[in-house]
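Labels run A, B and C following the written order; every chain starts at residue 1.
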Amino acid sequence: MKKMHLRKALALMMCVVFIASLFAGCSNQGSEPAANNPPQESPESGVVPAEKKPEDFTGELTFWHFNKDEGPKLAEAFMGKYPNVKVNVQITSDTDLAYQNKVTSAIRAGSGMPDVLAAENAFVKRFVNLPGGFENLSAAPFNAEEYVDANIPYTVDIGRDNAGNMRALSWQACPGGVGYKRDLAKKYLGTDDPDEISAMLSTPEKIVETARKVKEASKGKAKLFVGTEDLYKIYVGGARTQPWVKDNKFIIDPKMLEYIDIAKTMRDEGLEGGIRQWTPAWSAAVADDIHMCYAIPTWGIQWIVAVNDEKNAQAGRWAVATPMPYYEGGTWAGISQQSKNKELAWEFVKFLATDKEHLKAWAIKTGDFVNHIAVIEELKNDSSFVNKTVNQNTYEVYGPMVEKVNGNLITQYDDQMRKSFQDIMQTYLAGKITKEQFIQQFKEKVKSDLPDLIVE
Amino acid sequence: MRSKSIQKDTYGYLFIAPFFIILTIFVVYPIIYSFGISFTKWDGSIVPPQFVGVENYKRLFNDSFFFKSVGNTWMMWLGCIIPQLIMGLALAVALTDRKLKGKAFFRWIYYLPNLVTMASVGTLVFFLLDWQSGSINRILLSFGLVDEPINFLQDIFSSRFAVSFTLWWMWFGYSMIIFMAGIRAIPEEYFEAARVDGANKWQTFWCITLPCLRPIILYQVVTSLIGGLTMFDVPYVLSGGNGAPQISTLTMVMYLYNTTFANYNFGYGATIGVGLFVLVIMVVAVAYRLINRKSLYE
Amino acid sequence: MAFDLTTQKELSRPLRTKHSKWELSTIGLYFLLISLAVLCFLPFYMMIINATHTSNDIATQLNVLPGSAFADNYKRMMDSVNMWQGFKNSLIISISSTALAAYFGALTAYGFSKYRFKGSRLLFGILLGSMMFPSQLGLIGFFKVCSELHLINKHLALIIPAIANANFVFFVKLYIDAAVPNEIVESARIDGCSEFRIFNKIVLPIITPSIATMSIFTFIASWNSYLVPLVVLYDEKKYTVPILTAMAKGVYRTDFGAVYVAIAMSMVPIMVVFAFCSKYIIGGLTAGAVKQ
């Protein structure tokens, strides 16, 4: 029967194409240089006073992380220095809140938790306040307070629960800047100097003004910002002075109203790209010649710019200006209350967050901005430490911003707030509702999502 | 002989025992558990649920989001089921009645959309409809049909339409196959008689095919109702999870899911679930009556 | 009984019409059928074509022809997730749960169909009711059950519940009602067959078409299942294909080249299986609806 053959042929054809490409894939595999070299850790013990030497620690740890690009590397670094310890990394990405729900379920079940688990900025505040979750590190035998003097205070404070006890530690500080494409800046704004660009973006009025200039100079082709959500990051992580929730009361900071207006102006005049963050179009636009600026926190140089513009990752096409201080992101790690091997787990967490040698090696290897003050000082003044992607010493760029970060802006509700705010914001920007309706709908949504809050 | 079979009837329990043991453990118990939770306030942590009586149910009856989600679900379901049945029926008639070439091929290809995960389909449709980079806008722009890209997913009508259309795309092939099965079951003599009486195709369809398929149509409406009222994946992906724009694509299960797993309000989430469950049972009971009245199945 | 098993084997039953083959309406019909076929196939085509393009191309242009980035995409995907291990896991889970659902589903359906015992109507009502329960809601309780039974992070947690597949029972019962006459069962009893032997040796072969049909549906549903495995499994080595597909996206980058490779990989086996099994679907369904 001919019809049967046509159908099978179609299926088989796809199968053949598919298998053929698999072989093509395999043959290519060998030629690629290994991207993840094992860390070159020095075997001597760090500055942290410990009765036991790293070699004396033995056993196995389970480590939960949400990012396959970071988790395994952290474990490798630890195992490099503690040769007799094995860290099993289990990754669950937080797509559709999968990671958060997994942790919540395991806590509820009373078993199945790992020894050490990581938490991202978006949900760390919820995790540290979750009964049955993280162990209290301020208490004996951990006495974490003694170890964190060298860490940037805001990062330490975020790891505290509402009672002030330390539950999780971080190794990163994530102040943010505005990343821009030097060639576009030179072409449309006449300069690619970070300081001058910073000056052009230092106030809301100036941002709009600069955006208009770009539009004019490019005859409407180029856009200053890729989308309004990049501006949102700057406002929500820095410009405002009050968090979304204070004393159980829901607050809309006046600065957020200002953001709404700016974003609307930029959308109506065609000054931004209208691309939502983390969409494929947003990632692709990193490499194009149209969209000039992104909000780039410390980790963004690697994970927003370099990975999406591989051709120019080493070419210094980008630069980072720091017009307004804000922060975005960061990862924390703490010990699970269910851990059977808390001593070793604590050694791991302590290593990640306070081992100066590791942190310096980590910074050099990954380009990450660590939160250890002494390391920051060293690298800031090391003229040879230049990030190839932006052709700047990132520690020199971001270093001064660290002190200006306001760690009190973070609450456990931020992720829900961002989602609701942005969803309704997009409708407002599309001209479907008025600003009053926007605020009204946002409040209703918050009320429905978080019925325990007082919404006025 | 009758008495013998009555003796053996207790074997029935043995045959259904494994099923019901597993059902009790993995389905019935979770249902009862949820029902219990619906009377509590609980964030899903190890802090035990706190009994609040009918507080959650009171909230449910005054919750505009819930009623909106009920309305949305119905609207998007109707937008899908009506074209789905019409198309399924038309294709079934065309592919059984005519001397067409490639029937098996068409049947196969129309059923394909039903094989993929809804989430993958949703993701693809989401890209197609994207405002700045979506393929549909790009095609419209390049043909000069529009001057500005259309922001489909911010428009209430077009985003609901997108959900209905995607679901239609996934399910019309299934409808077609069920209808084909139904048409085959119609005795050939009926058609023969119609031909003898000089009925044309159109008359045959209205007077024989359609009336005979009535129970099949009702069966499809009921099964699709159960699926439709618990609609989740497609609107979830297309709206980015929150039922945007303006809560117009929020379905009941999405509301339940978000309340429970994004906002950690397990008690109220369970209450929404109970509300949904009751609604489904009521609707299905009504439809089941309709089926049983004039049915091939009984 | 008007049922005749041979009718289902006829693939078509054309009405003899008088008019010629190439009438305008026929051409019109072909045109409609083919456009609809294109509409059905297009998204698949796009997914597979997208798998051969870089993430950048996918995001910025409409791809119609195959690109050359498949190997790179594949390599990046394999770097981030072990898809072949996922295939193995998915196959283990889907095949065993389909087998369990098939055997126990048929067993249960037979029990309901051929025995008149007390409470059977009520139990069947419960079975129907369980079909109407949104699985997302049962998830909390389901997780609790699994952790009590120490099934967390085990494939068994996804396999055992397949025994209670209400859809399967519902459909196969309809088929048994229609296709297995009581006389066959009675005469086997007179010959001294035990009840289970009757089921295994006589009834099962008769109802194979309906079991095949439902098995295909069950297999596909199990293969595509996402939410429950995600909640129950912790270990990446135990993840199934849909979870790995979601993971291939990455955290900070949206690597859609890799995602489409993963989607294509997860789809192709199902499409091939379906291409060779689709006749069972229509066969089984036909007989299921034939009772008069």
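As a convention for this text, a residue touches a chain if its C-beta (ideal position, glycine included) is under 8 Å from a C-beta of that chain, and two chains touch if they have at least 3 such contacts.
Owing to the predicted nature of the structure, the values given are computational and were not obtained by experimental measurement.
S.K.: Applying the touch definition from the top, give me the chains sitting in contact with each of subunit A and subunit B.
M.R.: Both subunit A and subunit B are touched by C, going by the contact rule given at the top.
S.K.: From subunit B, which chain is the farthest off, judged by mean CA positions?
M.R.: With centres defined by C-alpha atoms, farthest from subunit B sits A.
S.K.: More contacting C-beta pairs: A-C or B-C?
M.R.: B-C
S.K.: Just the number, please: Cα centre separation of subunit A and subunit C in whole Å.
M.R.: Roughly 39 Å, centre to centre.
S.K.: Could you grab the centroid distance between subunit B and subunit C? Build each centroid from C-alpha atoms only and quote it in angstrom.
M.R.: That pair's centroid distance is 16 Å.
S.K.: For subunit C, what residues touch not just one other chain but two or more?
M.R.: Counting only residues that touch two or more other chains, subunit C contributes 59-60, 144, 271, 274-275, 278.
S.K.: If I count partner chains per residue in subunit B, which residues reach a count of at least 2?
M.R.: Residue numbers touching two or more other chains: 44, 103-105, 108-109, 133.
S.K.: Check each residue of subunit A and list the ones that touch at least two other chains.
M.R.: 7, 96, 101, 108, 110, 279-281, 284 - these are the residues of subunit A that touch more than one other chain.
S.K.: Report the residues of subunit B in contact with subunit C in the complex, numbered from low to high.
M.R.: Those in contact with subunit C are residues 1, 4-6, 8-16, 18-20, 22-23, 25-34, 37, 44, 91, 94, 96-100, 103-113, 115-117, 119-121, 124, 133, 135, 138-139, 169, 173, 177-178, 180-182, 184-185, 187-188, 191, 195, 201, 204, 216, 226, 230, 232, 253, 256-257, 260, 266, 269-270, 273, 276-277, 280-281, 284, 296-297.
S.K.: Once bound in the complex, which stretches of subunit C touch subunit B?
M.R.: Touch list, subunit C to subunit B: 2, 7-8, 10-15, 17, 21, 26, 29-30, 33, 36-37, 39-41, 43-44, 46-47, 59-62, 104-105, 107-108, 110-112, 114-117, 120, 123, 126-127, 129-134, 136-142, 144-145, 149, 160-161, 163-164, 166, 169, 174, 182, 185-186, 189-190, 195, 199, 220, 224, 226, 242, 245, 263, 267, 270-271, 274-275, 278-279, 281-282, 285-286, 288-292.
S.K.: Applying the document's contact rule, which stretches of subunit A touch subunit B when the two form their complex?
M.R.: Per the stated touch rule, the residues are 1-4, 6-7, 96-97, 101, 104, 107-108, 110, 130-133, 273-275, 279-281, 284, 416, 419-420, 423-424, 426-427, 430, 432-433, 441, 444-445, 448-451.
S.K.: Using the touch rule from the top, collect the residues of subunit C that touch subunit A in their complex.
M.R.: For this pair, the touching residues of subunit C are 48, 52, 55-56, 58-60, 66, 70-72, 74-75, 78-81, 143-144, 147, 152-153, 230-231, 234-236, 246-247, 249-254, 256, 264-265, 268, 271-272, 274-276, 278.
S.K.: Of all residues in subunit B, which touch subunit A in the complex?
M.R.: It comes out as residues 44-47, 59, 63-65, 101-105, 108-109, 127, 130-133, 151, 154-156, 239-242, 244-247, 258-259, 261-265, 268.
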